[in-house]
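Listed below are the structures to be examined.
Below, chain A partners chain B and then partners chain C, in two separate complexes.
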Partner chain A sequence: MSKQAQATAASGSARSRISSKQLRETFDAYSMLLPTILGVVIFFAIPLGISLYLSFTNARIFGDTKIVGFDNYVKALTDASFWIALRNTFVFSVFTLILSTVPALIVAILLNEKLFGRSFFRMLFFIPVVASVVGVSLLWRYLLNLDFGLINYGIKLLGFEPIPWLTRPEWGLASVILIFTWKTIGYNMVIFLAGLQGVPRQLYEAASLDGASRWKQFLNITLPLLSPTTFFVLVTTLINCLQIFDVPIALGITRSGTVGPADSMLTVVPLLYREAFLNTRMGYASAIAWILFVIIMAISFVQFRVSDRWVNYE
Partner chain B sequence: MYWKRSLTIFSLLTMVATMLAACGASTTPQGGAATTAPAAAEATTAPAATAGVTIRWRTRASDAAEQKVYEELNTLVNDQLKDKGITATYDPAPNDANYFPKIQTELAAGNAPDIFWIGGANLAEFVNTGQILDLKPLIDKDSSFKISDFYDNVIGAVTHDGKIYGLPRDISTMVVYYNADMFKAAGLQNPQELAAAGKWDMAALIDATTKLTDPAKQQYGLGFGNWWGPQLYFINAEGGSALTADRKGCALNTPEAIAGATIVSDFSKNKQIVTDGESENLFNAGNVAMYMNGRWMAPGIRTNATFNWDVAPMPKGKVDSTWLFWGPYLVNTKTANPDAAWEVLKVLTSAEATGKVAALGTNIPPRKDEAAVSAFLGATPPANNQAYLDGIPYAALEGPVWDGNWSDFTTTMGSLWDKMTAGQITPEEFGNQACEQTAGTFTK
Partner chain C sequence: MIGQILQRPWEKALAYLFLIVSGLIMVFPFIFMIASSLKTSSEVVQVPPTLFPSVLQLGNYIEVVQIVPLGTQLMNTVIVTALVVLGWIVTSVLAAYAFARLEFPGRDLLFGAYLGTLMVPFAVLIVPMYRIMLLFGWVDQLVALIVPWLFTAYGTFLLRQFFMSIPKDLEEAALMDGASRWGVLFRIFLPLARPAMATLATFGFLYAWNSFLWPLIIISNPSKKVITQGLVDLQSLYAVRVDLIMAGSTLAVLPTLIIFLLAQRYFIEGIATSGLAGR
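Let's look at the complex of A and B:
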């Protein structure tokens, strides 16, 4: 064998050694990823596909299933309950978005200062986040009770009429906003706190030397540098708001299936649940789910497009 | 390298174990239908066929006191069927809006209990699933069982197309529970005294409700749960009905139905009634003078009330009116052993068992047997148990809607009812909108 042939053989052997090593590593990697991939496919992708198929059928829990085209989507647009749910979802989202981000930012700024008992207050604001939704909703049902609730007791002490939080349609959604905001502020506060701690101190020191007031520093340093965090908080909170389910169900569902007085706490996901499981209309419920999906996608798309104008990435 | 391999093998094993765990059938009481010992799995009719069988049964309880009653009933079933080798397991479920959907979902998944209770009005929805066993063949071949022992109208309601789809757990009429101390303190005749004098009518109810409402003391004249039972009582009492005579359409827009709805609308306007989720607790706490409900409320009052109380018939409107609530135990077609399920069902609905339940205070026996009725009448308080029985002859039977969806109908009706009691729509608008919006629930 010539020297050249020997060199070629040696090089080929090295390549095959590298290939087999790569192959093994690839196998190892996919083996470790496989549980997750299978989980996503079995518990997410396949149900998603089935749900899309069901949305074009008259499927119920039992009985024959027939393809009905876009009937379920048309039905949603003419269903009074769907429009009530959609209106409630948007009203809820707008109020909750404002009430759970602005105060969260204020609290985060306060708790970013060197205050006495800072860790204690951080913990205090975060406790509602880790509390069970069903548990706190039941607790709030007692707190908001018209006759013996602690909140109405306080309102009466102040000389005002008690508020029928859970018994009148005009107050039903306000109760859900109150509880969800109370539960969400702590989480948003922690995210803002993390964002605030990433703002370089030198910028404030330089601004102080230039004579900038605290308010000017907040407007020109804190807010712009916090904008990626604010964007994240706004997007995630809004998506959570559009998908609200647990609080209205735990707080307001009745034996007849209404959610709050006159369906005042009915949002889109509880309606989806009611149609799927209380009225067993799986096809119609799937169509509602896909309409909600499109709405969330559209709103998120707009948020991302608009974000180019106000979010500053360093 | 070694740790990578180990991790890979561990991942694969975890994945396989997870999939096996997810796909495997549960053998716990919460899992599938009846669990049967291998030796008995093949047999179906001989007495020995039931040996080693566990039958899971379910009903819901309004409160802890009622749940205890069913736990004791389970013990009775096990004592009686010990010799036949049948074991019963009581599998309770919460008394909320999810009770029926939970069973329907379990039926679809193939792991519903062998025997389960539902409300009489929901019977059609369950039978239409095709998952409910026709009991007629089992009844026909069992000479020890007499279906004539049960109330005829209830058996009529559970019979459809010649098939018998269940046996009633119990019955209950709706009555007025009243706080006797509150009436006494106000110097008013209580509902029982008014009934004895032949003066217990809708005008008397409105009068007592008005006089006993005192916002300063957080005291309401009248309370009832926010569901179709008490709501439709007012409509029935004024000569109306929720459904047309053939039960194939809505009748909430008739003048009679609107007159009934107007009574409640006026009560709400004047803040004289409480109907929210805590209204029952408010009665038990002594803040409500009268409460309309079925017999199932009695154990909770016995446990919690510290005042004197009793019951009276529902006040007479334009016609005598109350509800005859009932609910059947149904047998799952997928039960592994129908004969064993039948044996358990017979005990659950026997004179002894229903009498025992009645004696514990929960409900009225579904049977006409003297023994069962005597056991019920002796279950005091309330002293005036006869009030529950007096309503049976004229009560409206809670019936299945074979050509519609009762749950769907009542959800729509309930939402509009709330709007009416909140003053957002008038009783006329309630009736008209209810019939418009529920029209689709009658087309199968």
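Let's look at the complex of A and C:
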């Protein structure tokens, strides 16, 4: 046998060994992924497709389903409740976004300092995050009560009129913002802390050798290097806000289906729930879901595009 | 002190004042909730409010599980939570190992698609999911609260990151000695992954224990409901009995607080990791 033929034979058998090894590995991989793939197909991909289809039909829980084109989407745009829900969702999101990130950043900066008992404080801020949303909503329902709630007792002690947090339309959404903010600050604080700990110490050392003041260091090193974290916190908080459900329902749903006095706590997902399961308009509810989905996709897309330009990576 | 903002004593004093006041705002409501759950029905609505109960009403806890089947619902919540956490760990460990270490066609595409599912709001899926449960005959069954929730893209991502950080030497030596991929996963990766699995378990626990929207849709039989639903029922049926509502809320909140205090580190690590995903 010539040298060349030997080499070819050797590489040929090596190739078949590799390919049988690869086959084995592919088989193992797909066996490991089987439960996940089954789960995602049955409980995610198929429902996602059905949802899009339903949004173009007049589906209810039972009975005939007819395709109605874009009727549900047109209906949403002319439905007063939908606009109320959309407006409430945006007002809620804007306030919560500011109120839950700025204090979270301040607390994170303080707790990044070498203070005695800082892990204890971190724990305190995190407690509302883990507690059941429904449980804390009922707790706050009690604290915010007009006649005997602790908050209004404090307000009266300070000499002001008690606030009808849960009984007047103009305060309904404020109560939801208050509770959700209180529950989210600790979560955002932890992410900011992780970001702060990622700022390399050498940068501060170099800056102090150059004589930069503490505040200069904070403004010129800490804040810019924290921008990816800040951006992430803003976007995830916004996306969570747009999907809020538990607080308005636990705080404000009534037997007639209104959410808060005069629907003042009605946001998009509670509206969707009401249309689908109390009014059994499943086609219409699906259209509302897809409008929300498109809004969230647009935000994610902007996040993806902007994070390259606006955010300062190390 | 390099990189520290607070240096003068008065700055530190101010920081402490701020932290103590805001820390109290975070934690005092829970203390007040537990205290109120032990007051009489008249003391709890008394003005001015009392801080601690004048007479301990431990009976509130007995009464609340009698008027609403909160005991059964607590049990349902425990069963659902335990199985969901177990499912999260099993499916995520398997998928994460395959994504982190195995070479196979379609790997990056599948992983990307799986992460992509995180972008879809759950609200889009509830109507079709309800219809699928109807088809399966799972409406009003605990299985509907378990089986669809055994998978988690977040958990797979978390464990994959962890598996990728494990050095390859050990694994390669074992494979050379003829160990299978499954053997490597169970004998090398699983023991090393305990902290990451603990993080995942704490998240699964929070997610399942506190879930509300899906049970509200799929379960209407009071003996199949979970604790969050029981609380809402309690509020709508016995709105005047604030003492009982606080006892119910305490039953729902206390287990998460206890588990949090025991496993703090894992909760915080889990969130910090998800935060790093944004980088």
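In this text, the second predicted complex is superposed on the first by the 296 of 314 C-alpha atoms of A that agree within 3 Å, B and C clash if a C-alpha of one lies under 4 Å from a C-alpha of the other, contacts with A are read in each partner's own complex, and residues count from 1 in each chain.
The definition used in the following text is that a contact is a pair of C-beta atoms (placed from the backbone, for glycine too) under 8 Å apart; a residue touches a chain by one contact, two chains touch by 3 or more.
Since the structure is predicted, the reported quantities are computational estimates derived from the model, not experimental observations.
I'd like to know which partner A:Pro169 touches here: chain B for first, chain C for second, both or neither.
First partner only, chain B.
Looking only at contacts as defined up top, I'd like to know whether chain B or chain C touches more of chain A.
Answer, by number of touched residues of chain A: C.
Tell me which partner A:Ala194 touches in the superposition: chain B (first), chain C (second), both or neither.
A:Ala194 sits against chain C, while chain B stays out of touch.
Considering only the touch criterion stated at the top, classify A:Ala80 as touching first (chain B), second (chain C), both, or neither.
first
Could you tell me if A:Phe148 is touching chain B, chain C, both of them or neither one (first, second, both, neither)?
In the superposed model, A:Phe148 contacts both chain B and chain C.
Which of the two partners, first being chain B and second being chain C, lies in contact with A:Ser51: first, second, both, or neither?
The answer is second: A:Ser51 touches chain C but not chain B.
Which partner does A:Gly257 reach: the first (chain B), the second (chain C), both, or neither?
Once the two structures are laid over each other on A, A:Gly257 reaches chain B alone.
Go through the superposed model and pick first if A:Phe126 touches only chain B, second if only chain C, both, or neither.
A:Phe126 sits against chain C, while chain B stays out of touch.
Give one of first, second, both or neither to describe whether A:Asn279 is in contact with chain B, with chain C, with both, or with none.
first
Looking at A:Arg214, would you say it contacts chain B, chain C, both, or neither? Reply first, second, both or neither.
second
Is there a shared patch on chain A that both chain B and chain C touch, and which residues make it up?
Residues 28, 32, 35, 61, 141, 147-148, 253, 255, 277 of chain A touch both chain B and chain C.
Chain A touches which residues of chain C in the complex?
Chain C reaches chain A through residues 1-7, 12, 15-16, 18-19, 22-23, 25-27, 29-30, 32-33, 36, 45-49, 90-91, 94-95, 97-98, 102-105, 107, 110, 114, 117, 119-132, 134, 147-148, 150-151, 156, 180-182, 185, 206, 209-210, 212-213, 216-217, 227-228, 231-232, 235-236, 242, 245-246, 248-250, 252-253, 256-257, 259-261, 264, 267-268, 271-272, 274-279.
Using the touch definition from the top, list the residues of chain A that touch chain C in their complex.
Residues 22, 25-26, 28-30, 32-33, 35-37, 39-40, 42-44, 46-48, 50-51, 54, 61, 103, 106-107, 109-111, 113-115, 121-128, 130-136, 138-143, 147-148, 150, 153, 182, 185-187, 190-191, 193-195, 199, 201, 204-205, 208, 214-215, 217-218, 228-229, 231-233, 235-236, 239, 242-243, 245-246, 249-250, 253, 255, 268-269, 272-273, 276-277, 282, 285-286, 289-290, 292-293, 296-297, 300, 313.
Over in the complex, which chain A residues touch chain B? Could you list them?
On the chain A side, the touching residues are 27-28, 31-32, 34-35, 38, 61-63, 80-81, 141, 145-148, 166-170, 253-258, 261-264, 274, 277-280.
Where on chain B is chain A touching in the complex?
4-5, 7-8, 11-12, 14-15, 18-19, 96-98, 100-101, 104-105, 107-108, 125, 128-131, 218, 225-228, 274, 276-278, 282, 287, 405, 407-408, 410-416, 418-419, 422, 424, 437
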